[in-house]
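In C-alpha cells below, several structures.
Common to both upcoming complexes is chain A, partnered first by chain B, then by chain C.
So, the complex of A and B:
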C-alpha cells in the first residue's frame, strides 16, 4: 500500500517558503556578531607584494583585517583540505601565501561590527602586486591538452572507454559522414542565494555553523580537518539552501574565512559573498569538442568518434564525463573517445547541473540531427534505427530503458508527425519556425546513506538524515516514503535534514539523493517497524503473539495482521509501553552492488522544441517544448514535474543565453553580475510540458527511482539547436546561440 | 572584483564614517525606531537590523528582484533604496502579507502550483505579484510573463509562477 508515494503532494516545506520563515545561511543571528567582507585579487597571476591595511584598521568599527601575513598556522597537508567532491590535485587554500592563482582569488577578509563598515573598510585596503603572465584562453592552449590525473573522484566518473573496432577505417568507408567542432562557453551556477556562512562561536569555543552547502557533513569534515578541531566541536546546519546546482558540492571559501575569523577573534562572524564573487570559484568548464559520425545509407551508424578538451585549474584536475555517452546511446561497432584537459590560470571548474552530460550529449545529438538531415531521414527514425538495449561501453544490458516510449509519447504530444523535414519550410508570419528534437541520458546511481526513524511518545514519526534539499523536494519525498513505510498519516510524519549531527548522508548531487537517502529512510523505518512489532508481541494479550514479521502490515498508524484486519495494535499504544520514552532505530542502506553490477543503469529522455527565429534580428524564442522522461518510479509528480521544468529552463538558458565572458587580457570574467550574465527570465519561457512514461525498475534501488535533477537539462540544448537548424538552415555548433551567430 | 581607490582618495575618505541618525520605519503595520547610518539600504535594514529575513538578497544591484517589497503598495527593489528615504511610507514585506495565521491567496496558490523550488526568490516573486496586481496592467499570460521578468528564478519555476499568479488574477490559461 502506498497512499502517498506517487501522489502529487504539495511540498511540506512550502508554507515556510512562501511566508519567508524558511531561513537560509545568512539569516541566523548571534549576540555581538561581526561581519566579514572579502577582498578579491585584481590580477590573474603573480604575487602580492604588500597589502596596506592601516587605513582600514583605523576606521572605527573595524575589528581585524586578515591576510596571508597574519593568518594563524593551519593544517599543512593537502589531504586536510580535500572535501567529498575534490578532484585530484592540491586544493586551493585561502590566505595561504602571497601567490595569486586566479583573478578574483580571496586575499583579504575585513572584519567589522557592521556590514556597512566592513564593506567600506574593504575599499580602504590597497594591494600591491607583482604580475606574471597568465594564460586563461582554452582555445589558444589546446596544444597543451593532456590526460587528466586519476584519483578517488575517478571512481564515480569513469574515464573514456577504450576504442572498439577501427574507427578510422569504418568512418572512411561510410557513405554518409558528419563532423563538427562544438564550442561551449564557461557558465556559472549562480544560485539565487549567494554563498554565506554564519559561524556562531559558542562559549566553550565550539562552532555552530550555518552554511550554504549540498552536504552539511562535507562542510563539517572540511572545517574539522583544516582547523584541527574534533568533529564534535563543529556542527554544520543547513536546513534550507537557496539553490546550488552543484556549487554547494564543495565548501566555498567564505566558510574557511568565517571560521578563521571566528576562531581568532573568539566571536561569531558572518561572511556573505557578493554576486560578483559568485564568479570567483567553480564553474562549468569551457570545452572544445569534435564529433564525427559515419553511417550507411539505411541509417546504421557504424563509426563514432568523440574527442573533448576541457579546461581545469593549475592546481586541480577537474574532469567530467563528456565523451562516454555515445557508447551508451548508440551501438556503433567502431568507436573512439578521448578526453583531455588544459590547465589554465583560473579556479578549478566544478560540477554544474548534469556535469559533462549537458556538454557531451548536445554535441553528439546535434551531429545525429545533422546525419539525419544528410540521410534524408526523420531524426526519430534514425535514433530508432540505432536503438540499443545495452550500454556498449560496459557491454551490459540496461536495467530498464523506456526511451522508445519517450520518443513515441513525446512526438505525439508535440505533434511531430506534421513536421516538414525541409529546413526553412515553416513560417509564422515573418518569423521562421523550427522543430527539433534530441535524446537525453544520465546515470541512475545510488550511494550509501544512513537515517534514523523515531516514534515519539505522542505517536509522531520523526525521520532524520544529514542530506540536503536544494529545492529538489527532498523534504517532501522523504516524508512520503516514511509515511508509507510505516503506514502513518503524512501529517504525523516529520522529516528533517541538513544537520551534521544527523545520521550521515553523502553530498546531494548527480540525481542520486532520491535513490540514496530514500532507500535509507525506507530501511530505517522498516527497522523501526520491526522493533515496534517485537514490542507489540510482548504486550499483554498481543494479537501478534504467534505472528511472524511477514504476517503483519502497517496502516493508519497501526500494526495489523494481514489475515485479520481486526487484530491491530496502534503505534501510540506500543510506544506508550516504553516507559515514557520514544522508540528509535538507525539504519544504513547500501546499494546492492552484486545485482547492480550486472546492469547498466540510466535515466532517459526525449526533448522536443519549437523555436521562432526572427531573421532580421537573429533572435530565437522557444515557443513550446515537450520533454518525455523515463525516470523509473515517480515519487511525487508535482515536485518531479518542477524538477524537469527547471531542467528544461536551464537547457533553454544554456542553448541561447548563458556565457561567462572572460577578458583574457586581464584573465577576468567581465559579465560577473545578473544583468550581464544572462539567465532565462520569465518572458523567455513559454509553454513547457512534461511526460513521465511508465518505467518499472527493480534493479536500480529498492524504490525503483532513477533521479530527476539532471535529466531535464541534458536533451534540451541540442533540441533547441536542432530546431534552430530546422528553422534557418544554419547549424550553430557554438553555444550559446546568440543573435550574432545567426545574422 | 575589488576596485582599489587611489591613496589620495583614501585619505579624504578614511577619517570619518557617516553619522547614525534616528529613523522610523513602518513595516507591516508596526513602527520600528532605528539608529541607522544613511548608507544603510532598506534591504539591509530589514535583514540585518530588524531580522526580517523573509526579504532576500540575491545581487544587491537591483538585477534579480529577490529583495522586492511593497512601499505604499508599489513594488520596489529594497536593495536600491536607502532606509532613510522611506520614513513616511508603509512598507509591506513577505512577513506582513497574510492576515494573521492565514496565507495571502498568492501564497496559497504558490504552494498549490509548486511555484518554486529552493524558495529563495519566492518572497520577492510573491511581493512582486502583489505589486503587479495593484498596477492593473497585466491582462494576459504574456503580460504576466513580461511584467514578472524583473524577478529571476534560477530553479526555473516560471511556468508554475505564472500559473499561480494567473489563477489568483482569474486570467484564462490560454489567454
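So, the complex of A and C:
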C-alpha cells in the first residue's frame, strides 16, 4: 500500500459541497423556528435616546423586538465575554446599553415568525440618537498613537523585538538609503457565506447551535460564559464553513443575539447577517508604516527601521505582528522596530489572512526592491547577499529554510534571468510591462490538540477533532493522515470536525491546523493502533503473541509482522472480538517545546509577478505569477496548490483592488457590498504557477508540515507593486494601487 | 421587505393600465436592479407589474433601414444578435463591457435604460441622498465621491445637490448612435430622442429620465447609420469585469478618403446621463484622421468639468480615454 500523504487526493467533502448536500449554519431548520433581523446603528458615536418599537410590535407575525432596554440581565464581567481570540480590553457586548461605539453597531433584534416579516418590521423601527463627534480617520489621529496593552492573546503575538546596534548612526553612515511611508487600507474578510447562527431550543432548555465559526468550542465557551449555562447545555456544530479568512476566529454578534432571543422566547431562532452587515465587525486594520533601509555599496544591509501604527477600537487593543519580519529575513546589525495603536470609533480589527504579515512584509519588500534599484543590483542578488540562516529577533537558527531554493526555482520558472533591470524598459504599444519579485514569510507553529480515533464494528476508521475546515482541505488531509497511520484504505476512513462535543482543538487559523490537528490525528490513530495490537495479541493463536509494538506495521487494514508479511490479522477481525463494540482511543498531541524552543520555525516563499500597465490609463493587469514555497512536507499537492493559488489571487486583489472606504463625515464604510468592494474576479486572474521546493523539517512537528494558509498571500502585494515600479518607474506605497495613483 | 401585490399582464394596454390605476406600481422585467433596490429598502413599489409576458423581445429591421430592439430582448441576446454585431458593433461592445454574463442574461434592453445610479449614498438609507429622499442632502458632495460625476452636476443648493452618475454602458453606445426610445403610455405612443431620454439632476435629482408616469418603453430604434467600420468602446474601471465605469467612451466615426465625415463621441461614468456635445463632434468633420490632434477635442468635451476630490482624476482620465478612443476608432491604434 503506497501512502496517501503526498498524493493529490481530491477533497473528500468536494461532492457534498458542489451538490449542495453540505449544510451551512443558516441552512438548518427547527420546528417553529423564529427569524431575527438585526438593526444597525446609523451613527458612529453617541447615544440612543429612544427606540420606537411600537409599530413593529403591532405587525402580525412579530414576536419580540429586543433592545438594550428589554434585554435580560447577563454576565457582568468582561472576562465572560472574552473569546479565544479576544485582544486585551473590554469585549463588545451587543445591546449592553444606549451607547453607540461605531457605525453599524447592532442595536435592535426584531424577531418574527418569518424572515420577511422580521425584515419588514425592522424598517418600521425608528431610532433617535444623540450624536457625539467621532474620530475614524487613522491618518488624522497618528499623534494619538500609543503602545498596545498586553493580554492573554498577546502571548501568541510577540511584541516588536528590542533594538539592536545603533540604527540612527548606521543609517546616517550608509551610502545607500531608502525610506518610504506605506499606507494600507482597511479590508473586510467577505467570505461567501454570511455569518449566521441557527439556535435550536431543545425541550430541556439546552441549546444546539449551528454557527459559522472557525472553532465550535470557542462559540460554545462564549455562549456558556455570557449566558451562564453549563458547557454541557450548549452544543455548537459547524461542519462546513463557507470561507472565513479569520473572521470566524471570534464569535460574531449574530450568535449572541440568536441565543439571547432563543432563551428569552424559548423557541428556536435563526439570525443571519446581510452582506452590508458583514462590514460591521472585525476587519484588517488600516496601517501606516515607515520603513528605512541603509546599505553599503556592496549591498550589505546594515540598518533597518520599521515603524507601524495601526488602528484599533476604543474598547479593545487589537494588534498584529507587522514590524518583526525584517529581523527574521535580514541579518542587519542595526535595527529599530516600533508598533503603536490609535484607538478610533470603529469596531475592533480582527485577524485576516496573514494578519500583520501581509501588511509588514510588503512594506519591507517594497523598500528592499527600492534599495536594489538604487544599488543597481538585481533584487534576488540583494536578498541573497543579505540571506540569514538565523532569526535575528530570537537569535535562533531556522529549523529549516529553503528560501534560497525558492528564489532559484521561482526565478527559473518565471524566466527572471532575462529581466532588464531598467524601469520602463519593456513595452508593447501603450502597454508597459514590468517584472517584480518579493519574499514571503510566515510562522510555522504547532499547538496542543486532541483527537479521537474509533474503529467501528464494520471495520471503518472514524476520527474526530473539534477543529474547522474553512475550505482549506482539513477534512482531506486529516483523512490521509489517519489512513496512513493505520494502513487503511482511504474509502474506509471518515474524518469529522466542527462539533463542540468532539475532542478539543484550538481555533482554526494562523496556518497551524495541519501541524496541530494533524499531529493529534496521528497520535490518536497510533494510540488506537496500539490498543488494537494488544487486543490482537490476546486473540487465539495470535501471530503477535511474542511480538513487540516495534515489530509490527499497519497495511491494507491489517496488522502485520514486519518480518513475516503472512503473519497478519485484519482490523475487522480484531474489532470483531470486542463484543460487538467499536474500539476507540483519544489522545492529545503536544508540541515538543524543549526541542522547538531551540529553533525559529517559519515557512518561506518567493513570489514573481508580471504586470501590464497602460501608460495613459494606469490600469494594471497581472498577466502571470509564480510562487515558490518552502513549506516543509506537502501532505496533498492538490489542496496545497489550491491554498497557495487562493493566497496569490488575494494578494493580487489586495495589491490592486481591495479597500473598505470609510466616509469620515459619517464614520461609516460606504462601499459595503460586493459590487463596490472590489475583490479580484476571474477576468483579473491569468496564469498562476505554484512550486513547492523540497524541504525536510524534523523539528516543526512529527509530520514535518508547515502550514500553507497564509504564505500564499504574503509575498504577492510587494511583488505586484515592485512589478508596477519596474513597468512604470512609479513607486506606489499606498495599497491598493488603483489606476488614479498611476495617472 | 414591504409587501407588494403582483400582476402579470399579457398585453401592452393592460400593462399601461395597471400603472395608471395603481399609484406606486412599477414595471419589472429582468429585475436585476429593482430587486436589489427593494431589498435595500430604497425602492418600495406596492405593486409589481411583471411585463415579461408582453411580446416585446424581438429584434427586427425598421423600414428606415435601422434596427428595432425590443424592450424585453435581453442584453445578452442583443449583444450577440448577428445584425447588432455586424451593423452596430459599438453597441455590442458596450453591452458586453457591462455587468457579468449572468446579469446580461437577465437584464433587458428596456430595463437597462432605467438602471439607477450606483452612488453609495443612494443605496445606504442611513445616509442623506437627494435622489432617494428629496431634500435630505447629498452625502457624496463632501464624502467619498470617487465614482461620481464631473460634468453637469448639481452642487449649489444642498437640498437638490446631486453628483450621481448614470451607470449603464449600453446607454453610452445608444447615445452615440442617436437611438430613439419608443414608449406607450396612457396618452398613446410617442418617441423620445435618446439625448432627451435621460436628464441632468438640475433641481429635481430624483428624476432620472423624462419618461412620464405610466409610460412603458416598448422598443429602442437604432437609425440606419451604425458606424460598423470605425468605432470603439473604451471602459476604464477598477477590475476587468463586474465593475462600473469610472470613465467610458463610445466613439463612432465615418471616414471617407482619410477624412472624417461624421463623428459621435459619448462619455459614460462622468455625468447623470451619457454625455455628448454635438458641436464638438462637428469640429471633427472634414478633418484628416492622420493629421488631427485629438487632444483639443478631448479638452472641449471636458470643458466645465469639475472634480470633487476623490473623483478629480476622472477629468484627466476622460481626456486620455477620448484621445485613445478616437485613435482606435480611426484605426490608428489596435482595437484590442
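Note that in this section the second predicted complex is superposed on the first by the 740 of 743 C-alpha atoms of A that agree within 3 Å, B and C clash if a C-alpha of one lies under 4 Å from a C-alpha of the other, contacts with A are read in each partner's own complex, and residues count from 1 in each chain.
Here is the rule we go by: a residue touches a chain if its C-beta (ideal position, glycine included) is under 8 Å from a C-beta of that chain, and two chains touch if they have at least 3 such contacts.
What you see is a predicted model, and the numbers here were worked out from it, not measured in a lab.
Colleague: Return first, second, both or neither, reflecting whether A:116 touches chain B, chain C, both chains, or no partner chain.
Modeller: Both partners.
Colleague: Who does A:156 touch here: chain B (first), chain C (second), both, or neither?
Modeller: neither
Colleague: Does chain B (first) or chain C (second) touch A:194, or do both, or does neither?
Modeller: first
Colleague: Let me test your reading of the model: by the given contact rule, A:59 touches which partner, first (chain B), second (chain C), both or neither?
Modeller: Only chain B is touched by A:59; chain C is not.
Colleague: If you tally the residues of chain A touched by each partner, is the higher count for chain B or for chain C?
Modeller: B
Colleague: First (chain B), second (chain C), both or neither: which does A:142 touch?
Modeller: Touch status of A:142: no partner.
Colleague: Name the contact category of A:683: first (chain B only), second (chain C only), both, or neither.
Modeller: both
Colleague: Once the structures are superposed on A, label A:22 by its partner contacts, choosing first (chain B), second (chain C), both or neither.
Modeller: After superposition on chain A, A:22 lies in contact with chain B alone.
Colleague: Who does A:672 touch here: chain B (first), chain C (second), both, or neither?
Modeller: In the superposition, A:672 contacts both chain B and chain C.
Colleague: Using the superposition on chain A described above, determine whether A:545 touches chain B (first), chain C (second), both, or neither.
Modeller: After superposition on chain A, A:545 lies in contact with neither partner.
Colleague: Just which bits of chain A does chain B share with chain C as contact spots?
Modeller: In chain A, residues 40, 42, 116, 120, 123, 276, 668, 672-673, 675, 680-684 are touched by chain B and also by chain C.
Colleague: Across the complex, what residues on chain A touch chain B?
Modeller: 10-11, 13-24, 26-27, 29, 39-40, 42, 55, 58-61, 103-104, 114-117, 120, 122-127, 190-194, 240-245, 272, 274-276, 470-473, 638-639, 641-643, 645-650, 653, 668, 672-675, 679-688
Colleague: Taking the touch rule as given, give the residues of chain C at its contact with chain A in the complex, in rising order.
Modeller: 1-3, 40-41, 118, 120-121, 123-124, 126-127, 139, 142-144, 146-147, 236, 238-244, 246, 313, 316-317, 320-321, 323-324, 333-334
Colleague: Applying the document's contact rule, which stretches of chain A touch chain C when the two form their complex?
Modeller: Per the stated touch rule, the residues are 40, 42, 116, 119-120, 123, 276, 429-430, 616-619, 621, 656-657, 661-663, 665-666, 668, 670-673, 675-676, 678, 680-684, 738-740, 743.
Colleague: Help me check something: in the complex, which residues belonging to chain B touch chain A?
Modeller: My answer: residues 1-5, 7, 10, 13-14, 17, 37, 39-40, 44, 47-48, 51-61, 63-64, 66, 93-95, 97-98, 103, 107, 110-112, 114, 116-123, 126, 142, 144-146, 148-149, 151-162.
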